[in-house]
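Both of the next two complexes hold chain A, though its partner changes from chain B to chain C.
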Partner chain A sequence: MMFWRLVLQLLRGNRGRLAVAIVAIVSGAAVISALLNLDLGVQNKLTQEFRTLGANIVISPASGAPAHISDAEVPSLMPEHDVLEVMQQLPPTQVAAAAPYLYIVARAQNIPVVVAGTWLDQAQKLDATWKLEGSWITSRADDSHCLVGRNVARRLHLAVGNPLELHYLERSAQCSVAGIVDAGGAEDNQVFATLRAVQSLANLPGQIGVAQVSVTGTAPVVADYAARLATALPQYQVRPIRQVAEAEGALLGRIRLLIVSMALLILILTALCVLGTMAALAMERRKDVGLMKSLGGSISRIVGIFLAEVGVLGAAGGLLGAIIGAALSYWMGLRVFGTAISPRWEVFPTTIVLMIVVALAGALPLRMLGNVKPAEILRGE
Partner chain B sequence: MFARLLGESFARNPRRKVLTAAALVIGMAVATATLTIALEVGDRLAREFRSLGANLLVTPESDTLPVEIGGVDYRPVDEGAYLNEADLGKLKTIFWRHNILGFTPFLDLPAYVSETGGATTLIGTWYQHEVPVPDGTKFETGASATHPWWKVQGRWFGDGADECVVGAGLAQKNPAAFAIGKAIHVAQNSGSGSGRPLLITGIISTGDAEDNAVLLPLSVAQEISGHPGKFRQLFVSALTKPADALAERGERAQTDKNIQLTPTEYDRWFCSPYISSIGFQIRTVLPGTDVHAIRRVAETEGRILTRVGTLLWIVTLAALGAAALAVAATSATTVLERRAEIGVMKALGASNALVGGIFLAEQVLLAIAGGAVGFFVGVGMARFLGESVFGTPASPRLILFPVVLALAALIAMMGSLVPLRRAAHFRPAVILRGE
Partner chain C sequence: MATVVQVENLRKEFGNVRALDGVSFRVDAGEWIAIMGPSGSGKTTLINILGGLDTPTSGQAAVDGTDVARLDEAGLTRFRAEKIGFIFQQFHLVPYLTAVENVMLAQYFHSTTDEKEAQQSLERVGLGDRIEHLPAQLSGGEQQRVAVARALINHPKLILADEPTGNLDEANEDIVLSLLRELHTEGHTILMVTHAPSIGHLADRRIEFAHGRLVQAAATSLKPELA
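Coming up: the complex of A and B.
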């Protein structure tokens, strides 16, 4: 009882000195907790950013990519429901987007053009960087509209709203151009329609050429997902796209290493700052120690009281700082990534324990007070 | 007198000064290191992003529609337009020539392999090819620069040799015919004799359409196709700056007559390494081409670079804040600890201004000394950080030296101002009594 009253008394008196220590501890804890939150959140955010690179897993028939697709030859295909069934069985949480594709070479205005049938609502997520003039097709059943690539539009003199007639063998289909795609790649030379429309044009109901999957996560997560897809679909070829996977892994590693090493520097600096302040505070207390000692307090008890004081300071400052830091990282997430970084619960105890340890380490010089002679101190030397 | 007081203070109590100076050195070292890294990280990361490969695609302008599926062009060889290989050296003459890290021409053609009797695609390209630049130098480039993720088991074909590299998919399907060390005969038509012999030197795995094709030197592909000196597509890998509003306007001004850049805007756009301005410069040296940003790569790169850049500036600010805190806290403690000294000075008739002046002068001297040492320690830290993160040490920025010194002086002064103002209210008698 007496012990805690003394601690309380000490905290109340001497406010100026304590203010410096508290400011140091709180801001130190805030910076540390913000950086810890940030480091845990940043990988998550960046892997999502990398998804604009498009699909990272491609499923295709085992015989390889279609060797020759022209009017007369039937490309190697796979049944649509085989692939979809398996994909529904696997956990959907990691899949950012997935779409089946059927490519045929049809003729428009007597010019051969590649027509891709797909789920356009998913294709939009797979290729988030497409620039579209006009409007997107959101329904998988909208057979009357299609999107045309930039080069196709230029070559066939098409504008948004124009009709486009596609011929494949003896069949033909008509759609109106809903939008013109600027993709900066092969898609600029293609026409996009719903999967159903292309299947009926090519008379290949239920058949697809490839399926593209965009999986969110680090390289091992993607590789793991690809492996599970491969075991579930032994008759097909499941291959991670190397360009995306390798670059993403390397870049993420570098960016994280950079942030972690800078955070570590700050961490050391903050810890040193708190340590210094606490050490100064402890030295200030020499007079109190002298008084207590002359009143007959044992050294272990006196040091105990100070350590308790310092511990309480560390814990309170750590808690307050951790909360401020969580708010900071929340704001940083909004500012940098547009979505908030939600605080992790494990950051709070880590920050508080860290601050207590640092504060106690700062109070270590107090142990030297064991050989203090009360008279000398009270005399003011 | 003032200088003597100052000198005495340093001579009398070096221990305390060492503490403050240590805080200054560490704080300023961290500030220097983080600032150096933050200033350099954009360039470094942009270079790292080139591991994604090419970000610009050059195609003939007056082309027929490529019949391209999964990265392979299925058009017959006598259809469509071609580009001239001889012009490629001009790419290294544009304004941003040093930002062109590599380029690779491609010529796809359908062909038959007489060993298997099957149709396949031949992809003519460069792996490491020396391109003569108009200024007389040579530039070595090829798929090694624009497609760094391509992995070859065995070795690459020699430039211009009758050799080839076979896709892993093909090799898996027909291991008897497509094995390293064997020769295959390829021809454009199934009927035309035995075809050209090519020695297989490696098996390539790209994770893309090339896995089912045969890669061979561009010059050999040109001879087989009957189009010497020509190619269809050029992939360019360029170091760029993330697009901003000006980059977007500059890009749109080229196609949209309604958007006009003012001369200063145009100069700024032209002289910034935006992907749109580099594309524009490539088109001026390669007339008759259509240069397009590979949006998927360029935009992902731009966005992540901008985000990481902002993030690092925030972290740098945090580091500066922490450094300021450390220095300010030490300064404040110093003043508080020396109340007795202040009391004596005031009792002897020193004015508040003199006391404050002495203390501030002391702090500034310490700050400059500590900041200078801290700067060099920080340069070392930045070198180490750059080395461990990017593989090459970050080069020191001398411009940071005065900045860090000024920062140190400012922070030390700010840190001692509050306690000094309180010291002005000290009553000497109370302090000297030891309360």
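Coming up: the complex of A and C.
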């Protein structure tokens, strides 16, 4: 009891001198806590960001033959039912979006044009970078509307609301342009209609050429999901899109390296700041130590009191800093990722323990007190 | 009467300087001894050795049968906690502890703390209404009385007072000296360093030092054993 009373009085009596150390510990803890929260939260956020870049798993016929159909080609196809049934059995929480595709090369105004039949409600989730003039098609049964790529619209002089007639072999279909897609890629040269409409135009009911899946999670999670799909669909080819996964992994690795480096730097700077304060305090406390020794205090008991003081300083500063850091990471999440990064509970004890360790490391100058000779100190030397 | 302090041929050298040069004397239980002499004569060095704050170069300095020259660091620490009560000229209170906490600090290093006992010790020196005051809120005389209470709290075998009134005005000097007189009456053994002959005369005996040697004993009961 007396031990903690002494520690409390030390903190109270030296609060002015300890102010620099307190500010250093709270600031250090706030940055460390924010960085840790970011490190843990950024993985989810980045994964979500990468999901906007498109699908990361593609299911296609095992032959690897092109899934496009032209007048002359017989495509490699998959029954729509096979793929969808398997996908429904896997955990839906991991799937951000999924859509089957059937590509054909039809003619519009006598110009060949790639027509993609898909679930148009999923298309915008699979590639969130699409910009649309007009309106999305949200119903998979809406066969009367279609979306056209920016280049197709320019070549065919199409505007939102115009009719578009598509011809494939001896069949034809008509749709009204609901929107013009600006994807900045191959999609700008395509026409998008509902899967059912394209299957009907190509006379391939229930057939698809490819399925795209966007799985939430890190590269290993995506690879695991792809492996499970491959096991369930041995007759087809299931491929994770490596560029996305690898870019994600590399970026996460770099961010983690940056965060760890910064955290180490902050810890060292905090320790140095505490070290400076403690060196000055150790000099001031030589008289107190000399007196305590003369009263029969062993150096281990005396330094123990001072170390507890520093430990309490580290713990309190760490807790306060962790709270500030949580708020900081919340704000940074909003600024950088557009959504808040929620504070992680494990960051609090980690930050507090780190700050206690840093504060104790900064208390190294207290070792000098072991050499105090009470007779000299009490004589005023 | 039992011997509390036995000093035999005690020497202490600081480099080429001989602070104590073959000092021998004995103090019986309950005696009040005044150690006198000019500055640099070795008085404080003697007190420091007897209090276990310093070690002799050679010779014996035994307190209550314990030769401090033979103790290691841990032994000296226990010796100071259990056998010695210090009263310093500069008071030497911990500035961020209250009066009662300063007294309890000595208890803490001795064994366990007893706040009630510490308060009673302060009441005894007339500071019952000052127990929660910090040293900066006390006068010099009050601070020295806290130091007296702290010196007594662990019932030491020997009270070592180094110029206990050296920093006090006349009124406070009287208060502290009357406290020392009380302690003497109660049977405490006191070794007091002082410059002032008037204070020295209050003691049972006076030992005078010059150049590290015991040069004069001013009471018939003194048995100097000059080497």
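Keep in mind that, in the parts below, the second predicted complex is superposed on the first by the 336 of 381 C-alpha atoms of A that agree within 3 Å, B and C clash if a C-alpha of one lies under 4 Å from a C-alpha of the other, contacts with A are read in each partner's own complex, and residues count from 1 in each chain.
As a working rule, a contact is a pair of C-beta atoms (placed from the backbone, for glycine too) under 8 Å apart; a residue touches a chain by one contact, two chains touch by 3 or more.
Here the structure is a predicted model, which means the values were calculated and not measured.
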- Report for A:L258: first if it touches chain B alone, second if chain C alone, otherwise both or neither. first
- Specify the partner with more touching residues on chain A, choosing between chain B and chain C. B
- Touching partner for A:N151 - first (chain B), second (chain C), both, neither: first
- Task: May I ask you to decide whether A:N189 touches chain B, chain C, both, or neither, giving the answer as first, second, both or neither?
- Result: first
- Query: Which partner does A:A97 reach: the first (chain B), the second (chain C), both, or neither?
  - Reply: neither
- Which of chain B and chain C A:K293 touches, first, second, both or neither: second
- Query: So, A:A226: does it touch chain B (first), chain C (second), both, or neither?
  - Reply: neither
- Query: Touching A:L320 in the superposition: chain B (first), chain C (second), both, neither?
  - Reply: neither
- Counting only touches as set out at the top, which of chain B and chain C does A:V347 meet: first, second, both, neither? neither
- Partner chain(s) touched by A:R5 [first = chain B, second = chain C, both, neither]: second
- Message: Going by the contact definition given at the top, which residues of chain A touch chain B in one complex and chain C in the other?
- Response: 380
- Across the complex, what residues on chain A touch chain C? 1-3, 5-6, 9-10, 12-14, 287-288, 291-298, 301, 373-375, 378-380
- Task: Note which residues of chain B are touching chain A in the complex, please.
- Result: 19, 23, 26-27, 30, 33-34, 37, 41, 45, 48-49, 51-53, 57, 63-72, 74, 110, 118-121, 147, 149-151, 169-170, 173, 205-209, 211-212, 292-300, 303-304, 307-308, 310-312, 314-316, 318-319, 321-323, 325-326, 329-330, 332-333, 336-337, 381, 385, 388-390, 422, 434
- Item | Residues on chain A engaged by chain B in the complex (per definition of touch) | 16-17, 20, 23-24, 27-28, 31, 34-35, 38, 42, 45-46, 49-50, 52-54, 63-70, 103, 105, 111-114, 127, 129-131, 151-152, 155, 182-186, 188-189, 210, 237, 239-247, 250-251, 254-255, 257-259, 261-263, 265-266, 268-270, 272-273, 276-277, 280, 283-284, 332, 335-337, 380
- Query: chain A touches which residues of chain C in the complex?
  - Reply: 44, 48, 51, 53-54, 74, 77-82, 84, 86, 88, 90, 92, 94-98, 101, 104-110, 113, 150, 154
